[in-house]
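Same chain, two partners: subunit A is paired with subunit B first, then with subunit C.
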Partner chain A sequence: MNAVKHDETPSAGEALLVEPSALSPGRRALTTVLRSRELSIFLVLVAVVVVATAKNSGFLFSSDGWRNFLLNPSILVLLAVGQAVVIITRNVDLSVGSVLAFTAYLTGRLFIDQPGIPLVVVVLLAVLAGAVLGLVNGVLVAYGKVPALVITLGTLYIYRGVVLTWAGSDRINRGDTPADFQALGTKTVLTIPVLTIVALVVLALVGYYLHTARGGRELYAIGSDPDAAVLYGLKVRQRVLAAFVLSGALAGLAGVLFAARYGAVTSSTGSGIELQAVAAVVIGGVAIFGGSGTVWGAAIGAFLLVTINRALPTIGIDPFWQGAVVGALILGAIVLDRVLAARQANKLAEARDA
Partner chain B sequence: MKLPSRRATAFAALVLSGAMALSACGGDDGDSGGSGGGGGGGGDSLTMLPKNLGNPYFDTSTAGAEEAAEELGISIEEVGPEQASPDAQVQYINTAAQQGVAGLIVSANDPTAICDAINEARDAGTKVVTFDSDTSPDCRDLFVNQATAEGIAAKQLELIADQIGGSGEIAILSASANATNQNAWIEMMEAELESNPDYADIELVDIVYGDDEEQKSFDETEALLQNHPNLKGIISPTTVGIAAAADYLSTSDAKGKVALTGLGTPNQMRPYVENGTVEAFALWNPGDLGYLATYATKALVDGDITGEEGDTFEAGKLGEFTVEADGVVVLGEPFVFNADNIGDFDF
Partner chain C sequence: MSSDPTQPRLVLRDVAKAFGPVLALRSGNLTVHGGSIHALVGENGAGKSTLVKIVAGVHRRDAGEMLLDGEPADFATTAESKAAGVAVIYQEPTLFPDLSVTENIFMGRQPLASGRRIDRAAMYAEARSLFDRLGVAIDVRRPALGLSIADQQIIEIAKAISLDARVLIMDEPTAALSGVEVERLFAVARSLRDEGRALVFISHRFDEVFDLCDTVTVMRDGEYVGTRTVAETDTDEIVGLMVGREVGELFPKTPATIGAPVLEVEGLNRTGVFHDVSFEVRAGEIVGLAGLVGAGRSEIARAVFGVDRYDSGSVRLAGTAVPAHDPRAAIKAGMAFIPEDRRKQGLVIDSSVSRNVAGVIRAGLAKAGVLTARAENRAAAPWAGRLEVKTNALDMNAATMSGGNQQKVVIAKWLATDPKLLIIDEPTRGIDVGTKAEVHRLLSELAGRGMAILMISSELPEVLGMADRVLVVCEGRITAELDRAEATPEAVMHAATHSVEAAR
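Moving on, here comes the complex of A and B:
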């Protein structure tokens, strides 16, 4: 777990700490998948979809149902990916809902105040604005030595206050943005919504980076044991800073998606969505104390959260119970996390004592 | 950073005013507060004091007031604060009192904060009429109320019945589950559906709550359509809900198959009326509201009415109005916006 590769390859005389696995790469990959927590959460997702579809075939097998199944989670997937990266470093970013509101409103204002502005420019500006807000979080956390929970709780209110001051009781209406931007909200390519494709591309890039790149692995090392990471000479500050910038930038992108999908933006847009993002990450098997988990899991967690909310009324459960169901999922995920961690610790202890 | 355009401060004003209107007409203690201040007026000049300036909703009501003033041959001046904060209106009320204007038409930012100032003005002989958003009944002469709960409930049923051809399943997308005004309307609609033979074939199958949040209302609309494949129509008596529902419908297979009506503002609903998602929706016309308030003030100033229950007065093109309990004058049935007239409104 959390292995950080040595800079220099071990010299010929040095014994290997871990023997190479005797299994073939194919078998290894299969075992990894089968044992992964992502798989269990994915199976829950499948079960929810199957039950809801059995109850009402339109849940999946209608053009609206299929589109919404893919489209609705896309915004939360972006937030969850950013959140997962931050949580893996043993931090948390509670300000993403306010960042999303800021960039969603910015998107609308840009279209209103700069008629004819190209979409690409709007997206870039929104992502940039999100990244700057994330940078503020990152600087405060990395250099202020204050827990991220407190810092981002503070910036959650500050950023929301900025949006409130800026927007006041003003709002962006559907008719305020250009037609091609509006169309983007529901546009599909081969039945896959464009917004979902955006979210999946981001997911793939971040997931690949975390899995293979040195920087990605270092994030896990930092989250496993921040002090050890410092002693080991990892650039902890820069990495944590980068994680917050990424989270902010993705929240910024999510703001553009929000404006495209929902059309209407007010100063209260996205309040509370930060907790959904944290919930998606935790349900997706990322340890809240960092060091383990994947963005794949977080993305599946986001899909599960959104899909459950869609499915409960279809299954016939009162929407007032939705919150309770989500809560039970979070507790279940945490309990599973503790059980697995304890089992792992026992195994390692046995191996050491043997 | 750019200055906020005040385009839809109107929206907030509208929601607020809707709530206040209802709380105002909910009161039923018979005694009226229209005791009136003594003394003569200071000529035929009126002051119009909206919640704030640069607000399209109040721009519309002021235009209506100016039209009425022209018909009556009196002068009217609009003053007001930049921001709709509770005590921002006090200085304007004081100024109006010092100028000795005959009448003051005000949409209160706060039911009590401006009462002292208003009472001073009334002591100086100025008649005070509230419109859109009331103060406590004892500190003004009249309140011009935009609509009653009964009128709002009845109009929405009428619209949906018309749009679905008088039969089929309907659902309601409300604000929050404990919103007093929404629940009052829903109860009235349910009672009307039960009792009115015209609605015998209409079945209310579900009531869902969007909490006046765009995203939640949007998702609830989706769930409604999913869970009720035979749904013919949706009523959303909240400006946030109807816009979100219209937005979902406009990109869904159900567009044109499921009717949608409720309470909305023209600026929010324009794209959906233009693209055919929504046929007609209701609200009051702020222009008529300003027009009526001006006629009512003039009637008070002239001494034609005192604000007592049962007083009647003429209001130009709108016809005759009667003062109801608590010194309230009701504009009438909600106004229906559709593709033919929506272009005339900007609020």
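Moving on, here comes the complex of A and C:
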């Protein structure tokens, strides 16, 4: 950045300071978008789709291909949005896979045990159950002063244990749930699957809240420096608690959608999906130590993860490599973060010297 | 603001606070009026910071009385004290590095537009007008990351003004500032005073206290000692009150035999940071590295020690080349480095004293790879004893010690390696007068035993009093080398600002 020329000679005091940005608002917005992590990860997604579609046009340009492209990532998008909110506060929620399993099984049981129960009630109960499980995480993290990694690793096993005890070797089958519920999993509106619409609406609401509400900005502040947040007088505990409740509620919603989409639910449903959610968030540019990143990035990250897994066989890469490709993406994202952070720090320091 | 001008803004009476068995504050008394800048001075551990934290709502007092504008006040959280109009600027500014400067000012009380949505345009405009009022030019959109400490303090002050704080407390705001930055801060403080606000200013620098403040309250060992108006007192009286005894020589450098060169630095370069730096330090010699904050002194020291890389040049210790960018090799060759920011760089804060002291010689202490607490304590005891570190036990956590004692622990930590060369950056930053003299006596004694010492200091009297030779750094270059006899305040300041003026 060039120092703005002043008419008068700047005093030594002024010379130490950063000159105000001279960019016009339009150009500033453009630069922000061009430099954003969301754009670069989106371009990677586009590249993957273009390459796979060039190999096999049905990858995108067939009714199945288009539907799968939108539908498959939807559940992961919900989890990634909740996970992003938690990670922005410098925490992590590893229990979401178990919460998803719990509410997916709960959904099936409600339909079996309460014939004729309205769909809306089932969705609400599942979301509520997820929120309560999230509340348990939140209370333990906010008041227990134990790192979230440890707490949610514990609840991951506890919640899974509850599902195992409850379900045993029992499973929910496609025929156990009403037809209109199953249709929800595959229904489309203007070629866009309902599940995708639900995920995008949630994404938009949470994204809007994080950007424009005081509470949303405080989540970033808490993740950026938790000690400073206390000194600021921010309600750190309530906010962290709320982040975990949201993550749990979204995992609960994801459980219902899982049951609708796949029909079959067992006690091992959703094992390991929590790590995919964390991976999506990190790939999407949310700093693992909190304070920066967006849910938009996390959602694009979820799309990229799922799409790559579907694209690899099309491109002709052995599915054995799928895990390695995801790993390379995560490492690449972190290396990129470090490089960008170092460059920004240098730039800011230079701006100070100028 | 307050209707009655004689009514004090803030009154503390016999306030006490204990942390476990440690009585941090026995009886704190303070009466601050609006339109006044009140200095709070005292040695480290005198209880100043505890007092401030009670006013701020970080700690809750055990006993005593607090009145704000005549009303009893008791803050359980920082949010409550803020709402009551108390703003505190801590020694180390507490900002959110990832967020913009503007968000840092308004966090938690951003201006809202319809639908409880943050009105960013209004927020930026208000931040801009705040900075205009303070007479500083900071990009309101830039992140707080990478701001100098001086600029971070300006952000904190902007925050306090936007809160319309009635009482503004600054805990050692000038510790890390250069002369120009201090002047800017003082100008801001005076204008806030003239608006009728009450300011409390904690500092160890008496010239600043006498320059800025109108009233001084002195504390010692957690107790109130006395209050004087600045017009009717002088440094000697204040120092006397602080230490309870007269301080003799402040900078007792004793002559030592200067031996062979220990450190030889030649043609050290790092693009954009420092250029063509050459100098040597001899055994028994204290070389002062003077200059303005940001001139590149610490960067040179870090490069010599190998923490940072350099592009070209060479570093030799006792005739042997020291590999670049390798602190372990530097330690092995006989260098010791005590950084400026001891909380972050020099001390494992959350660890016991003996573990800190023994940290760098661990490998030598371990028996068959096993390091016992007993071995650590045994190695640490003589050093801590020699430095008179005031800790109840070596097991005490370093985080709970005062700044002066922390500095002594860091020095002890490095002396345990028995170095040939000691590089020490701002040895007495944030340390009270009594401990300062102890640190100086210690450095002098080490030089007398043949150690070569490279000392970086922003305090001119310290450099002039301690150094056998002064190297002045300006914008990454050594602009002057002055012998003890030639080194006058004028000569050093001229060299420190020389190239700035030449560039005009």
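The rule we apply is simple: the second predicted complex is superposed on the first by the 324 of 354 C-alpha atoms of A that agree within 3 Å, B and C clash if a C-alpha of one lies under 4 Å from a C-alpha of the other, contacts with A are read in each partner's own complex, and residues count from 1 in each chain.
One rule holds in what follows: a contact is a pair of C-beta atoms (placed from the backbone, for glycine too) under 8 Å apart; a residue touches a chain by one contact, two chains touch by 3 or more.
Because the structure is predicted, anything quoted here is derived from the model rather than measured.
Applying the stated contact rule after C-alpha superposition, one finds that A:T186 touches subunit B and leaves subunit C untouched. By the document's definition of touching, neither partner reaches A:L340: not subunit B, not subunit C. Contacts of A:A221 after superposition on the shared chain: subunit C is touched, whereas subunit B is not. Judged by the touch definition given at the top, the superposed model places A:D64 against subunit B, while subunit C stays out of reach. Judged by the touch definition given at the top, the superposed model places A:A264 against subunit B, while subunit C stays out of reach.
On the subunit C side of its complex with subunit A, the touching residues are 56-58, 77-82, 90, 94-99, 103, 107-110, 112, 116-118, 136-143, 145-148, 150-151, 180-181, 183-184, 272, 294, 497, 500, 504. Interface residues of subunit B facing subunit A in the complex, by the touch rule stated above, are 1-2, 4-9, 11-13, 208-209, 213-215, 218-220, 222-223, 225-227, 229, 240, 243-244, 247, 251-254, 267-268, 270-272.
Against subunit B, in their complex, subunit A makes its touches with residues 56, 58-59, 62-65, 68, 72, 109, 112-113, 166-171, 173-175, 185-186, 262-266, 268-269, 309-310, 313-314, 319. Residues of subunit A that touch subunit C in their complex: 9, 11-14, 16-21, 28, 212-214, 217-218, 220-221, 223-225, 227-235, 287, 291-292, 344-345, 348-353.
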